[in-house]
Structure formats: C-alpha cells, structure tokens
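Working notes, structure below.
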C-alpha cells in the first residue's frame, strides 16, 4: 500500500474589502468578503516543502484589494470572474481558481426626508453570495444568498405523512412556517445584468413562499426553485437548503386562556432541514462549479 | 470575619415569544426575546435551600407567554411594564422585577407590488431593546437599540490629539467612520406613544451621525445624545456605546495604483470603544433603572 | 425546456442528546449533537405536497433519542451506524440515510484529589465528529474532529515562494504557526475499537504538527494525514482543512524595545486556508460517503 | 432645561496579544485579549471636538503590546495593574484607567509521552478574566472566569417552591444540573501569587458544585462563593451568574422504553438565570471596582 496526495487547494479566506465610488459627491458603497483559492501543481509544497510554485496567500490578498480598485465591484459576479481569470491566465502554474464572495448591503440614510450622499446603515437582511470557478472545465458562476429569514403566519399545513412506531406528531392544517433560506443558483449563460438577475430571482422566490398554500416545506422549495428558473432564463440549476424554524403554539389553555394561533415559542434546536435541487432538463455539465472552497461556510 | 449573601436576583432568560395579531386577514407580528428577573426576600433559597418564596423560573416563563396574549405587545415598553407590575403586585414575596426585552423587526413581503397579508422577511437592522424595572424606587423604563451598524465614507477627521512616546498614529482629515451603535435612553415621563418615540429618537441619532462634520467619534456621540433628548422631551438620559469599527486604507501605491479613499480593509479587532452619557441637568434620580439583569448580554 | 427536481434529502438537524450511563454510582456521560437526513422516493412531497412517503422529521428526532437509550452511545460511529441502518432497513420507502454527529467531551471533576462520580466540566477542546451513510452504495463511516486549535512558537518557515507583481510578503525562517484544524477520515474497514482509533489518529496528527520542521502549512498537513493512515490501517482517506491563523510580530522597535519573536498580534481575518486530501493508493470507491448533509456546517 | 455630558470613557478594545517566553528552548505562552479604557477630563473632545487631552486608542494599543514585552504577563492581574498605573501616572490628563483582560489557556502537547517544548493545543475550558481599575478611589483588582461549563448527573433537587396560577412545573428530587458559570471576585489585598489564588478559587468552587446535595442552584452558588472566600482570605466579594442550562428528560415511555434519568434533551433557550453576590461582612468599599468597561461583554 502507498499513501498519496489527493485533491488540494489553498488561498486567502475572508478578505473584508470595502470599496467606495467617490467620483461625485454622492458616494456608492460595496461591502464584500472575498475568499480566494488556487488549484494546480502544488504537490511539491505538500510533499517536500518546495514553495517555488506557490503564490503566497498574502499575494492573493493584495490582488483581491487591487482588483477592487482596478476592476471595481459593479457586481460580485463580474468582480469575481475578473479575479479568477487573472490567477489562471496571468500566474504561470495556476490551473484553477475559485473565488467565493459575500456581499453585505447598505441602505442610504435619509436626512430631513432626503437621501444622504455618504452615510448608510447596514441593511441586515440576507447576505448575497457568489462562487466563481475558472479552470479546465470552463468558467462557472454561481449566485445565491444566505440567511434570508422569511415567515408566514398561516397558509402552511403538514398532514397525511408516514407513521411508524416512533411517530407522535399531530397533523396540522394551519401552522407557522419560517426558514432561514440558503439558495445557490448556477448560470448556464451570462445574464444581461448580474444585479438585475439577483433581484429578479430573490423576488420570484419570496413571492412563491408567500402565495403557495404549502402542504410541506418541500413543496414550497420546489415552487421557489422553479419560479427562479422561469424568471431568469440563464439559470440552469437552483440549490436550496431550508431549516424549518419551528414555532410551537404555546399551551395557554392550562391557564384558561385561548390561543388561536397567536402566541408561539420560537425554538432553536433541533430544526427540520430540507434540501432540494431544481434544474432544467438540458442543463450543461456543472464541471467544478460546485466544488467548494472552504472559507465562508 | 463573617461571610454574607449580598445582592441577588433570579429569573428566566431569553423567552423567544412570537405574537401574532390575526383579528383580520392582514396579520401583524411581534417577535421578541424576553428576560425576567425577580428581586426580594430570597435569602433562604441560597442559605438553606428553602424554596417557599421562590416562584419558579418556569412559572415566569409561562407568565411571559400568557401576558403576550392577554396584554398583547403593542410596544415592548408597555408589555414589559404590565409584566413587571404583575410580578411585584400579584406575587406576594416579590419586591422588585426587572424585564429586559429585545425586539426583532420584520418587513412585510410584496407580491406583485402589493403588501402580503401574512408573510414577512426579517428586517435585520438594529435590535430594539427595553429594560423595565418596577420596585420600591419606582417604575423605570429604558428604551434603546443595539447593533445599528452605520457608516459614512467622508466627513470624519481625527487630528491634534495628545502624543506620547507610544504614539505612532498619523492625523487625518478624511477617514471612514463606522460603528455598531448601542444606545439606551431613560424616560422621565411616559411619552404619548412608545413606538413613535422610538422612531423619533433613532431618526434624530442617525441624522446627527450623517450631518456632523466629525472631529472625533466622541463629538458625534454627544450630538446624537443631545439630539435625541431634544427630539423627545420625555427623555432624561441617553447612554451610548460605540465601537470604532476601523477601516484602513489599503496601500495600493506599492503596485502603482492610486487609492483616493476608495478601497479599505474593514478590520475586526482591536477596535476603539467610546462610551458617553448625555443627560438633562434636572434628570430625576435613576433609582434601580440601570441595575442590570443579565440575560441578553 | 423542462424543469425537474434534482437531488434532495430532508431530516432533523441538531438533536442535542445527552446520554448518561447510571448502572453504578460512577456515572458516564455522552454529549452529542445528532443530525439525520433521509434520501429516497420523496418527489411527490416536493411536486404535489403528497406526504405519504415522508417520515416526519419529528419522528426522526424521537428515533434518535430512543436509539440513544436502546443502542447506547459507546461510540458515535457505532450509534450512528445503528440509527442509519434502522431508517434504511425498517422504514419502507427510505433508500438512504445520512447521520452526522458532533461529540463534546467532558472531564471528570476531582474533589480532594479523587475523581467525582457524577460531576464533569466540559473539556472544551476539539469537537469529535462522525458522518455515517447507509445506502445502495454501501455503509460508509467518516470520523473526524473540528476546532482543534494548535500552535507552535517556532519550527515553522515560509520562504522561496513564487513572486509576482502583487507580492510584498517577506520570507521568514522562524514564525508562529497556528491553526484550528478540521479533519475527516474515511474508514475502509471497521477498526477494533472506534474510540481507540480516534485517540490514535488525533495523537498521530498532533505529534506531526509538533515535530515537523515546517516549510509550509501544506507540508505539515501532508505529514499529519500520512501519519494518521500509518497509525490506523483501517483508514483509506484523510481530508484536512486548516486555516492559517496569522500571528504578526508586533513592531516594538519604534519604541526602542526589542522583540525577538516574543510579542505577537493574533489576527482574525483574512487568514490563509489550506486544504488537502491524503489517501491510500488502493482506497475503495467512496460512494456517497462524502455527500454532505447540511446540519452542522 | 439644559443638556449636559455625563459619565464617559474611551479606549481600545480586544487587543489580541500573544506573549511567548523564549529564554530557553522550553517556551511559555500567554494568550490574552486586552481592553483598555481611560477616564478623565475629556469633555472637550465630546463637546467641541478638541482632542488635545485625548491619547489615541491606537496609542493605547501600542502601549498594551509594549507592556506585554517589558512587564511580561506572569499573571493578567499584575500585567493589568502595571498598564493601568502607567496610564494614570505617566499620561498627564488621565485620571482613571480600566483594564479588562481575558486569558485563554493552552495545554502543552505530548510527543512520545514527553511534553513538547514549543507546541500547545488550546485548552478550551473556562476563560480566565481580570478587571483592574486605578483611579482616585484606589487600585482595585477583580479576578474571575467565564464559560466554565459544569454538570452533575444527580445530586440536584427542586421542590416545595411557590405556586401561583401560572405554575405547572412538577417538583423533582433527582435532576441534571448544569451551568456555564461566570464568576468575578474582588481582592481586598494582594495575594501571595495571583495564579495560585486563581487555581485555588476555581477548585474550591468546582468542589462545592460537586459535593453539595443541591436543593436549588441558588444554594449551590452560595456555597461556591463562600468556599472561595474561605479558601483565599484576600477575597472580599464574589459575584456569580449562572444560567440554568436545562436538561429535559426525554419521554421514551411513549415507545415502551424506560428512561431512568439516562436520556435528556439539552435545551438552548429559555434558561433560568441565577445571580448572587457573596461578601465578607467587613469588605472595604468597592469604589469604582465594578464600574465596567465595555469591551468584552
């Protein structure tokens, strides 16, 4: 038996870059967290400590900040593509690059009813994400978001499920449904505008969550993924991961108090966890698109 | 030398209560985190394990959920006052009650441009807080918020400071200023509407952060506290705690790239931390208003 | 173009189970966090909301607690295997089960120099992990740990690396090396004792971290993975993910104070991130062994 | 009505300092998190932005790192005292200094059964803390720890408590008791050795948790505080804050499975929260000893 080195990559995780545009008195802000990872012939670094092919992670950091200036961050997808292409094309031994980005949105402050030129409050809702891979399998762009916390106070059921000897759950036809949605979507083609695509996808999903009379969180996820692909034809695959954040009706009958779906305990753990992939039936091969880096998990 | 029991309290921390109003098809949501603490003649529980005066923390939990139904949560201040008064007035040995509450706001979802009746996304900005104390020193209401992340890309300076042998900082007349503000304010009288007061105070503070040409974060805090009191005359004291979330200009000159205040590294630690109290000169005594419970730190 | 459902699974995440053995006055404790996920013909739940094949996540929770009693938790690998087999063998439509477990260790308290029978303090070091998959591709057991924070104050170098136009890093032949290691290993066969295997693997890795004169974190990882496989012959694959937790020498020369590798700033972000796989050259196919559930990321 | 500036302070929070002693091949490590805060005549900085009295927080940071070298960190109490005295004595306008420190302990790694000279794993148990105040009220030293997670599987009861209309809890004479203890203690005199004092106090507390047949967590806290003062006569006051981390017996009877205190659900929220102070009856005045800085909450 021999022991060999398998898959490997290395990079700089969580570069917290803030990019302003200050060309006019009305500034713009992009607040991002950038993780880079390189793939290629780096075995000597592992096996014998030979760094001659290794571009330091410190250099990757410098590059990420420099590209925030020279390329700008009009969208995280475009910025990430530029950065990934640089590593693969311009740095001799590098064969593949994976760039993962989080974006934190800010709302412009109003002063006396007028939007302020250079002050913002952090929006705080979902975190937009992107994962760009450039390698021998092509250029792959994944968009997404995480931590979109969404809740409906009615319009959700769960009944007629499988029962075994450990089943004690009561069926219900009116419950609270809440989740903290993680969504990732793969582009099969470049959309006209990355930011417009993002807004359209998010809105399509949120609307389905609201309007589907849900027989299960599974069903809601299916409709959300389907609606996203229908809304943005460049999409070929959507992956959804949804914790079922349980809200338990609090038993107030014990105190002679009626509780018609009005007072709930929001529980922490455990939680249901539903995962689903929705794709087109002619989606191109994913190549390394989903092969993760590890920085932002 | 003898050893004696000093100050003490006990309660139930972090009851995650979600209260809906469902009287019409258009539902309302209040999402809160409630911590209760009781004070009184509980020495026997400590010294000899005698629980005869001890209302279980489990009972406090039940009460908090029950009051969410019977009193409702129109505002966290009013709900907290009702709950505190109950413990002090209705439970024989209890002499003082402290209720601390966090509130998480939700935005109503739009579907086809129309607000949806029963679906929301969590807003994600600042967390509104309240701390209500009812005891022999009176009834005290503290409002506040935490985690209001606010940033300005210019309009901030820091210069002409004290220099000693360990000082290496360069003065600057144009820097990024950002903080994650914690604010608490004490009411000397009951305002016409707790929720209106909250919105007015927050807006007054945010506006000052934007418009003051800041010579130091200290100066900005002073103006924020002062504006809050001027905007809501029932306020008698404002306490502010503001981490100076440093944004360091990234040195791109090394690569022949200009960086005129456009690309920054947002650093994590260490951070400046500025704390200030702003009061009226005739503020009534605070009694136990600021004596903390411990649940939500 | 049609839109279809792709890969999917569902389960109950983060069941916080504490199992005591109380057969004698000297109790034992197992403190675990269990995530279950089921795979199989669940399309109707997504497509039309038909739950007839869906064993509720609430039932999965009940089952996890019940098996903690009936099977016990002698090792998380054996417990997880029993639970996974139950779902696949005993619940008609289920075709695959994935069980992910975290284990938190406790140290027995000493009283007067004697180990106490029923009191512990949480150990607080690394979290032991397991991921068990039972499906048509076989039975797969992955062991591991996360959050093993390890540091050496010398014996680490980084020099002779690739230089490009964005490289500013200085080479060094004496630096601090620290990481918070995540390791996962795949068993090709069942070891004599799961717990002994765990201890042996961990010790082998820790020793390599200490004794290798490191020319790069990459090199250290290779030696750690190799040593683990050599120490426990049932292993066929080791995956390592290591953030390079940077410690920067603090510049005290500015104050006329010497700093010979004695005072460092431990930085938060960004950090290097090195990932490597080490395998035997005859490792059997992994099947779905590495196909993740999503609960504990 | 006038509006005035009240209490205020400013400083640098969470300086993550790692100090090695490398005088011999067997190195030593001190891993600390230092927060400084200064008090004094800083009103002009708030009111008009005049920084002439303001020692920058950046300078405070430099000083904390420099003192880690020049004074060393034999104990966090001694290091903190030296740093606080410096600010008050050596920096002209400063009238008071507050230094708060967290210490993370590391265990030396064993290689082949022998302790290694320069490699450690982070211990991960409780975080040791100190809060040093030097001002016109004197020199005050508070020691402590947080996050000491301790559990006993029997020897805990809760019964004969007060019952009101919201009480549904059942009394019990055998339950799991667990907490994540926060303790702070005030020294009335300087002990022979700060580190020995720490170990003695912690051991005294842990032993009481184990051996007291607890009728309430309150009673256990009293005995822990009392034992600490008895063990280290320089102590004059102990403050304890203990979340009651509930472990609920899981109902397995529904499945025909006996559960004699063997399988529990470890719940997250809500949790009981018990707070108590234990003092000597001749404790000297506390002055500003307990007046908090705000960095590490």
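Letters A, B, C and D name the chains as they come in the text, with residue numbers starting at 1 for each one.
Here is the rule we go by: contacts are C-beta pairs under 8 Å (C-beta built on N, C-alpha and C of every residue); 3 or more make two chains touch, one makes a residue touch a chain.
None of these values were measured; they are calculated from a predicted model.
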{"item": "Most widely separated chain from chain A, with each centre as the mean of CA atoms", "value": "D"}
{"item": "More contacts between chains, B-D or A-B", "value": "B-D"}
{"item": "Centre distance in Å when chain A and chain B are each reduced to the mean of their C-alpha atoms", "value": "30"}
{"item": "Separation of chain B from chain D, taking each centre as the mean of its C-alpha atoms, in whole Å", "value": "23"}
{"item": "Chain A: positions in contact with at least two other chains", "value": "15-16, 62, 66, 166, 168, 254-255, 268-269"}
{"item": "Parts of chain C lying in touch with chain D, wherever the complex brings them together", "value": "15-22, 27, 29, 31, 62, 65-66, 68-70, 106, 109, 111-112, 116, 118-126, 148-155, 176, 206-207, 209-211, 247, 250, 252, 254-255, 257-268"}
{"item": "Touching residues on chain A, where the partner in the complex is chain D", "value": "165-166, 168, 254-255, 268-269"}
{"item": "Footprint of chain B on chain D - complex, ascending", "value": "1-16, 35, 37, 42, 45-59, 61-63, 66, 90-91, 93, 158-164, 166-169, 214-216, 218-219, 221-222, 225-226, 229-230, 237, 241, 243-244, 269-282, 293-295, 297"}
